[in-house]
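So that we are looking at the same thing, I have put the structure below in structure tokens.
Chain IDs A, B, C and D follow the sequence of writing; residue 1 opens each chain.
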Amino acid sequence: MTIKVSVIGASGYVGGELLRILLTHRDVEIVNATSRQHAGEYVHKVHPNLKGMTNLKFSGEDAVAAAAKADVAFLALPHKASVQVVPKLMETGVRIIDMSADYRLKDPGKYVEWYGYAHPYPDLLKKFVYGLPELHREELRGAKYVSAPGCMAASAIIGLAPLMKAFEATGPIVVDAKIGSSGAGGKPSPSTHFSERFGVIRPYKPAGHRHAAEIEQELSIVSGRDIKVAMSAHAVNIVRGILTTSHVFLTEAPTQQQLWKAYRDMYGSEPFVRFMMDRTGLYRYPDPKVVIGSNFADVGFAVESRLKRVIALSAIDNLIKGAAGSAVQSMNLMFGLDEREGLNVPAIHPV
Amino acid sequence: MTIKVSVIGASGYVGGELLRILLTHRDVEIVNATSRQHAGEYVHKVHPNLKGMTNLKFSGEDAVAAAAKADVAFLALPHKASVQVVPKLMETGVRIIDMSADYRLKDPGKYVEWYGYAHPYPDLLKKFVYGLPELHREELRGAKYVSAPGCMAASAIIGLAPLMKAFEATGPIVVDAKIGSSGAGGKPSPSTHFSERFGVIRPYKPAGHRHAAEIEQELSIVSGRDIKVAMSAHAVNIVRGILTTSHVFLTEAPTQQQLWKAYRDMYGSEPFVRFMMDRTGLYRYPDPKVVIGSNFADVGFAVESRLKRVIALSAIDNLIKGAAGSAVQSMNLMFGLDEREGLNVPAIHPV
Amino acid sequence: MTIKVSVIGASGYVGGELLRILLTHRDVEIVNATSRQHAGEYVHKVHPNLKGMTNLKFSGEDAVAAAAKADVAFLALPHKASVQVVPKLMETGVRIIDMSADYRLKDPGKYVEWYGYAHPYPDLLKKFVYGLPELHREELRGAKYVSAPGCMAASAIIGLAPLMKAFEATGPIVVDAKIGSSGAGGKPSPSTHFSERFGVIRPYKPAGHRHAAEIEQELSIVSGRDIKVAMSAHAVNIVRGILTTSHVFLTEAPTQQQLWKAYRDMYGSEPFVRFMMDRTGLYRYPDPKVVIGSNFADVGFAVESRLKRVIALSAIDNLIKGAAGSAVQSMNLMFGLDEREGLNVPAIHPV
Amino acid sequence: MTIKVSVIGASGYVGGELLRILLTHRDVEIVNATSRQHAGEYVHKVHPNLKGMTNLKFSGEDAVAAAAKADVAFLALPHKASVQVVPKLMETGVRIIDMSADYRLKDPGKYVEWYGYAHPYPDLLKKFVYGLPELHREELRGAKYVSAPGCMAASAIIGLAPLMKAFEATGPIVVDAKIGSSGAGGKPSPSTHFSERFGVIRPYKPAGHRHAAEIEQELSIVSGRDIKVAMSAHAVNIVRGILTTSHVFLTEAPTQQQLWKAYRDMYGSEPFVRFMMDRTGLYRYPDPKVVIGSNFADVGFAVESRLKRVIALSAIDNLIKGAAGSAVQSMNLMFGLDEREGLNVPAIHPV
């Protein structure tokens, strides 16, 4: 089987990462990669790592025309651009994997609360499956519309889901996220100027980060309780990678065995979740350094008994498991392929 | 006035930083800098930045002999080495500024709980002033024995003290700390090997970090309540700098005005505390990047009303405000000098 | 066809990179990976990126026993360890790809001059093919013994070969090399301690770098002249990657067309050489940043007519094209496989 | 004595560094710091490291009005902006230290050759002293007009001058320069976007770098010969610092003693030149890491006898010795002050 794929908005970092992964996918043909700004240019002028791998050029077609040639369209468009494109694509019958936040939240009211606008197509929200195979594998099989998770959300949710499912927290979950620069995209600005960005530990969204909305949604579903997330995001001195440190206070301090059971029950046979819990060695806890270039999510935990605190740690490559990788994994499920196809590669280490 | 200073254990990073600052201090004469391992070598062989600034050589004298020539001795010795040295130095009449944790905690029981040993000189603990001028200025004036704070403790305490004094938290304070490599000292190990250390976001002590003990001690004093601190420490891809992100849940969400008042009341005339709270610009929140090379502590906060959460942010140079700088500031107070002498220099930016 | 592969000395960075690449190679079965120090441990304890990709454990077998099970043995041993192992392996009939310098130089006298010892098996040197497919493709097809190039040598030779073949230099070639930390291996030392290594531009071998010997050998062969190389090596603030800047003075300044012709004639159909020469864009010249994780060598040049100088630039990932990648590419040629198998993946960008 | 200083164009990195140094200078009063774009804003909004050190605001005055209040004006204006400002300032009688290239070259023809324009005031060029105290100390004493050197030029000239004075090269000098991002200034662009700039070894000017013109000028003066410089510049993964590696081929290989004599004769009593030549330790050669934050220039050399090559190494902080530091040192000489005033501080290490 060859799946015809269109990448709409392929000039950003998420678009580039989709192309990189899809180029090595054995069952995929990239029928077009669109970019208004770079129409007609070689893809490798914008994504220099793809030079020598493809002679594809950016197409200037609009989303509908481009997607018409494809079985599935990945939308890697800026914030709020997908909102209007999705209904038009739906009419063409193409399957959709949207990389934006525009169709991630089930409750239309949350768009008002977190994103500051009334969603114009509230009825369409429920047609989308949240594209995290670890939580929604069965729904993704055969799904027509998928909304890929936010990068920090993906990390936090994967790290917390087993804990939230098995134990009851006494209050809001503190999600302290640390992320590299690529999460902010490819557009220069004073805050991304190398001399100003190098070496920072910059709290860029100590309160009100929008990914909290989807973390709350997903953890509430998995736990059957109303979970609140107190999130703070920090930019650190790397390009790729996220670590989420989630602090959870429970009514009783769990034992190591109970925690292991919770994580094994949920992730024991996940192809892309690794338990990074070791008594010796350098990588005793999750650290994004050892997932860079791969679709793995590394999870681990620690317990502070005296405070009944569990620290749930999770590390991913924000552009892969936090974006393009989870999206391709979802695509594989949608089309009944081996879930690992195109993604079954180790991280690059050391890098 | 010229103060004669001895630096005991001067070959580590804290020792080097003490020497660097003291060399530019107008009222100080460094009478010796000891190092068993490097006795007889030029100080600048170990601290190459001091080349051209001093021809001092490391002395191989023991602590008592070295301190006998001085008005004040800085002890920059490894963990648990100061315990036995301090009583001997006390007999000589020299003033002491200890950089280790050995005399930081007032309650001897805490040494059993956090450090795993029974303190052999519990009666001496109360003779030491905790060397954070922002909290103990009056005690430091004329003090004879000072214990300099732990680097992450200094950051967390400065960031939280006004909040803890003015408001009541509903549970443990989450202190999520991020720190550069220099906090781990100058000794090579597999975990500090560049190829393995570069690019990490490494949770190296998610639970049980010992600095929590002194943070709890100091915040309990300042607030008059029994404060518990849920601390997690992470190593990030820089050499110098700490950011502590402290998550505090209150019974009511405070207003911005209330918070500003709390911080201004406490720090309004502090020479080395800056409020990094701006609606525009790159440095809207504290970020260690802009304190590197200086004794400043930058503080700021954010509020998430829906969860009654305050995020207290604090950034310092771990080797200066988190060690040598606070120690020299304490020395200035001990000897009745201008508190800023030797420390009144801006950070280096960009770096 | 399945090739049985043994990796002798698999716990270092080159060994780990060989394993990473071989694990995704469709025609390879790794029969063992030896490490005396880590015998019995999971490979992923040492190479954490391989966790989830393999359950292989390090074997404690000696080289002969391990290689006896294989069609080809990669020797990733420390400097001078291969010298004695090679003759023993030869007796077993196994093919050998040696990653060390021990069998790279054809002239035994050069081992005295550059490495300071008399090679004990001078007659064996000529049995080895220098494992750079761009220069020795035909010899590699069916070769039994291959010596993989030094990482900086690979970069310099690939960057200079077309120039040396087509033009005559007036004196020694200046090869100014810049390299990341992984080239120094995985063993901690004061010079690799993160706090001391971070941010350096450290000239670690301004004169006398041993890779000069093989660069001279290979460029002399390709040009038919006696080429001398004035090499200087610098460590810079990255983990992976090499840039070699080679300064060549010619009798006449060549035109752009003449230079393009020289490079195209030699590399026009090379699968892993890319011309990074563009009038616009960020990547107008080779830069290791855009080859990381791939087997590509990026080449480019500039001309300063007034001085009749050509600057030949070349960028590689030191652990791939500079080591494991070229070795696997050589293996593919030895066994008549598609040269790109296992290596046909794009670089990771941005990272 | 208090010198009244005006900094014209104070919002860039060089302007910020001038302010930082001048704020700690005991004989200086900053009368104004101009910036059209930031007129009326606090200086520390743009230079966050100066917060807490000064309440100065940017002045919107034009250069003539601002300089009229001062004894000396530092011009930290963009390329080609000083050309027209200088003659106007000259009429006011103010002393001038120009940080740009506009008055660095003595030969007007070089502006056509290297900068592509005919200098409109060729007669003024000779009125300026090239602001490198190591070469022009006597001229700087009492000078009225000074042109501060280019950052890479300062490094290369200091590293090469003793060699060029004492020995005769057989051809052009290869100057291979490596520099941090701050040399490119504070304005965001695609090439300075963190995700694209991080981790590079980017050859940004392999031929034709304009600093070659002033290196040739100064080395020709010091040697009495017509020196040609084959320069190539590279951006590396740091913010501050330059290393220049200069490759010089001589008619005879000099001995270590001859080289030491050449360097000692010239720099034996220089306050800001250090010899970084050691047989042991980490810092056996110059490395910008250990000069960051200081006005030191570290020099060293190596010899490759077989090729009669000397490698002259030089490391500086590009914003200090390569700009603001040399300028303040020149100012001190102009006004008869202790040359070290405001600059007599060690580097920050480790950082």
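Simple rule for what comes next: contacts are C-beta pairs under 8 Å (C-beta built on N, C-alpha and C of every residue); 3 or more make two chains touch, one makes a residue touch a chain.
Because the structure is predicted, anything quoted here is derived from the model rather than measured.
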item: Contact-richer chain pair (by C-beta pairs counted) among A-D and B-D; value: B-D
item: Chain at maximum distance from subunit D, centres defined as averaged CA atoms; value: A
item: Whole-Å gap separating subunit C and subunit D, where each centre is the average of the chain's CA atoms; value: 38
item: Centre-of-Cα separation between subunit D and subunit A, whole angstrom; value: 46
item: Rounded Å distance between subunit B and subunit D, as computed from the means of their C-alpha atoms; value: 36
item: For subunit D, residues that touch 2 or more chains besides their own; value: 13, 182, 190, 195-196, 198-199, 238-239, 282, 292, 350-351
item: Subunit C residues touching subunit A - in the complex, by the definition given at the top; value: 13, 16, 20, 23-24, 45, 47-53, 182, 239-240, 271-272, 274, 276, 278, 281-283, 290-294, 296, 344-351
item: Residues of subunit C defined as touching subunit B within the complex; value: 13, 181-182, 184, 186-190, 192-199, 238-239
item: Subunit B residues within the subunit A interface of the complex; value: 170-172, 174, 176, 178, 190-191, 195-196, 198-204, 206-208, 228, 230, 232, 234, 236-238, 241-243, 245, 247, 249, 282, 285-289, 292, 302-304, 307, 309, 311, 313, 315, 350-351
